[in-house]
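So that we are looking at the same thing, I have put the structure below in C-alpha cells.
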Amino acid sequence: MSERYLKGAEKLNELEPNGANNLIDAFNEVCPDLAKYTIEYPFGDILQRDGLDYRTRELVTIAALTALGNCQPQLNGHINGALNIGCTQKEITEVILQMSVYAGFPAAINGMTVAKEVFESRNEISV
Amino acid sequence: MSERYLKGAEKLNELEPNGANNLIDAFNEVCPDLAKYTIEYPFGDILQRDGLDYRTRELVTIAALTALGNCQPQLNGHINGALNIGCTQKEITEVILQMSVYAGFPAAINGMTVAKEVFESRNEISV
Amino acid sequence: MSERYLKGAEKLNELEPNGANNLIDAFNEVCPDLAKYTIEYPFGDILQRDGLDYRTRELVTIAALTALGNCQPQLNGHINGALNIGCTQKEITEVILQMSVYAGFPAAINGMTVAKEVFESRNEISV
Amino acid sequence: MSERYLKGAEKLNELEPNGANNLIDAFNEVCPDLAKYTIEYPFGDILQRDGLDYRTRELVTIAALTALGNCQPQLNGHINGALNIGCTQKEITEVILQMSVYAGFPAAINGMTVAKEVFESRNEISV
Amino acid sequence: MSERYLKGAEKLNELEPNGANNLIDAFNEVCPDLAKYTIEYPFGDILQRDGLDYRTRELVTIAALTALGNCQPQLNGHINGALNIGCTQKEITEVILQMSVYAGFPAAINGMTVAKEVFESRNEISV
Amino acid sequence: MSERYLKGAEKLNELEPNGANNLIDAFNEVCPDLAKYTIEYPFGDILQRDGLDYRTRELVTIAALTALGNCQPQLNGHINGALNIGCTQKEITEVILQMSVYAGFPAAINGMTVAKEVFESRNEISV
C-alpha cells in the first residue's frame, strides 16, 4: 500500500468512520481497484492539498453533486461527511439552496430532500 | 423597482463593475425580464442571505459551473467576480481541480482553461 | 406574505390541490425558504406571465424534465399537474415520446415510465 | 428512398428551406446515414404524428435544448424553424425564460443569447 | 410489421430473452409506439450495421450510460445484455472504471453498483 | 517523477505526439498539478490496465464524450488519438452514430461534426 493510499484512507475515514473499509468491502468482488483508486486519487491526492480547508472542500463538493443531480448516494455521503468534519446544517442548506440559481429548482429540491434525510437519520434537525 | 431589485443590482455590481447595466443592456430588446429576474432572485434574494460569506458562495458557484460544464460564459464571469471580491487564484484553481473527482477530467480541464483565460485577461497570472 | 407569494401559492394549488402547503411542510424544518422561493419565483413570477397559456407551459416543463432525466419527483408532479389543468394523456405522451429525438431513448423510456405510473395512480389509463 | 424519408425531408424543409439537402451535404463524406436517419426518425416518424401541432412540438423542443444546454447549433436551428412555421418571438422567449426554473439561470441566459442572435440575424427584433 | 421491426425484435431478443415482448407489454397501454420505435430505430437500424461487432457496440453503450448517470434501468439491461452476447465481466467493469476519468468517480461508482447487482442476480460474481 | 507519471506520459504520447509536454505547457502557469494528475491517473493508472485493448478504450471514451456533449476539445483529441493508434474512421463514426440512440440526435450530430473536422484536418476523409 502506497503512502497515497494510506493517507487517503485516513482522510476518507475523517468523513465517514470506517469509510475506507466500507468502500473496499462494497467493490471487493466486482472491481477492487475502483475502491483503491477512489482512496488514492480523490482522498490521497486532491483532498490532501493546501489552499482550501477540508470544510470548504466539502461545501464545493455538495454544490457540484447537487447541481449534477444524479449522484444521490454520494450527496448523502458528503452531507454526512461535511457534518462530521464540522460544517453546520445551515452552511449545507445554504449551498443547496443556492444551486436553485445555477442548476434549477428541481436540483435544489432533490438535493434538499437528501439533506433532510441525512439530518433526520442523525436526529439532528434543528435548523 | 423593488428593494429586491435594488439590492440585487448592488450585489451584482460587486462582482462585476456595471454588471447590472450590462445584463440589462444585453437582453433589453429580446427579453428584459430575464435581466430583471436575474437581478432579483439570484442577487436580490439568494446572495443576500446570511450563513455563507460571499467568497464561499462564489467558490461553490464556480464548483457547480465547472461540474455542469456547459456554462462557459457564466464560469468566466464568476471567476472574474470571485477575484473582484477577494478570492485568490489559488482558491479558484483548487476548486476547479477538485471537480476532476466529481465531474471528470474533461470538466476540470475545460474549467481550468476558462480560469487561465480570465487570469491572463487581467494580467494576473502568478500562481 | 408578498403578493408574489400569494399569487404563486394559488397557481401551484391549481397544479396540485394543497400543493403549496405540502411544499411548505416538506421543507419546514430543514430550509423553509426553499419552499417560499419556489412559490414566489416559479409560481409567483414565471407562471403568472402572459404569452403562453398554462397548459403549454406544463408541456414545455414536461419536455425539459424528461430531457434532463434526473428529476423524477418533479416529472411525476408536473404530469399530474398537467392533467389537473386540462392537458390530455395523449399530449403528455407525445411530448415525452418526442424527447427520444433530443435526449435519447433512455430518457424517453424513463419519462414514459413515470407517465405510466401517474396514469395508473389516477386510474385513468385509457390512451 | 422510403416514404418515411420523403415525408421527413418535406417536414424538415418546412422548418428550414432546403434543410434536408443542407443536412445531407454536411455529413455526405463522413457519415451519410446520420443525415438519412435524422430525416427518417425525427422528421419522418415523430414530427408526422397527430396529437400535438407542429408549433407546440417546436416549443417543447426549444425547451429541451435550452435545458440540456449543450446543443447550441440545434437550438439556433429550431428557433429559426419555430419562427418559420409561425411561432412568435414572444412564445419562444417565454419558453426559454421558463427554463430558468427547471435548468437554472445560466441555461436560460445562454438560450436567450441564441434567441437574440437568431432574431438579429433575421432583422426581426421587435419584442 | 416492417422488416426493420422484425429484424430489430430479433436483435433485441439476443440481448434479453423475450425482450421485444417485454418492451411492448411495458408501454402497451400508455404509448405503444414508443416500443415500436425503440425496436425499429436502435435495434432495427443502428445495431444492424456493419463496422462494429455487437459486443463492442454494447461496451460503448455501457460507457455512455455510465457517463450520463441517469439511466440506471437501461444500464442494468445493457450489462445483462452484454453478458448474454459474450462480453466478460472484466470487460464491463473495465469500461465502467474508465468512466471515472471522463465523468467522475460518482458516475463510475454508481455504474459499478449496477454491475454488481447484475452480476449477483445472475449468481456469476467471479471477477 | 513517479513511475505512474513516466508510464502515463508515454501512454499519452501514443495518442498525441508530444501530448504530455503540450498538456504540461498548457497549465504550467495556472495549475501545473492538473497536468500532473491527468498524466498519472487516466494515463498512468487506467489506460495501463489489462482487460481492454487501447483501441477499444478509445472507442468507449469517444462514446462517453459524445454522449456528455460538453467536452468538444477532448472529443477532438480522442478522435485524433484513436486514429493515431489504429482505429478506423468507420469505427469512430459508428460509435458516434450509435450515440443518437442513447443521448439523442443533437449529441450525435455535434459529435459527428467534430469527427468531420478532425478527418478534414488530417486530409483523410475517405469514408
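As written, the chains take the letters A, B, C, D, E and F, and residue 1 is the first residue of each chain.
In this section, a residue touches a chain if its C-beta (ideal position, glycine included) is under 8 Å from a C-beta of that chain, and two chains touch if they have at least 3 such contacts.
Chain identities (UniProt): A, B, C, D, E, F = Carboxymuconolactone decarboxylase family protein.
The shown structure was predicted, so the numbers you read here are calculated from the model rather than taken from an experiment.
*Asks:* If you apply the touch rule, which chains end up adjacent to both chain B and chain F?
*Replies:* Joint contacts, listed by label: A, C, D, E.
*Asks:* What are the chains that chain B and chain D both touch?
*Replies:* The common neighbours are A, C, E, F.
*Asks:* Between copies chain E and chain F, are the contact residues mostly the same numbers or mostly different, with half as the line?
*Replies:* Same; most numbers are used by both chain E and chain F.
*Asks:* Using mean CA coordinates as chain centres, what's the gap between chain A and chain C in Å?
*Replies:* Chain A and chain C have C-alpha centres separated by 30 Å.
*Asks:* Could you check chain B for residues that touch two or more other chains and list them?
*Replies:* Answer for chain B, listing residues that touch two or more other chains: 33, 37, 41-42, 46, 49, 65, 68-71, 74, 93, 97, 100-103, 105-107.
*Asks:* Have a look at which chains touch which and call the overall pattern line, ring, star, complete or other.
*Replies:* Contact pattern: complete, every chain touching every other.
*Asks:* For a test of understanding, state which residues of chain D touch chain C in their complex under the given definition.
*Replies:* Answer in residue numbers: 41-42, 46-47, 49, 51-52, 56-57, 59-68, 71, 74, 90-91, 93-95, 97-103.
*Asks:* Mind listing the chain F positions that touch chain C in their complex?
*Replies:* Counting only chain F, the residues touching chain C are 100-107.
*Asks:* Spell out the residues on chain E that touch chain A in their complex, using ranges where they run on.
*Replies:* 68-70, 89, 93, 96-97, 100, 105-110, 112-113, 115-116, 119, 125, 127
*Asks:* Quick check on the complex: what are the chain C residues that touch chain B?
*Replies:* Spelled out, the residues of chain C in touch with chain B are 33, 37, 41, 45-46, 49.
*Asks:* Could you pull out which chain F residues touch chain B in their complex?
*Replies:* 26-27, 29-31, 33-34, 37-38, 41-42, 65, 68-71, 73-74
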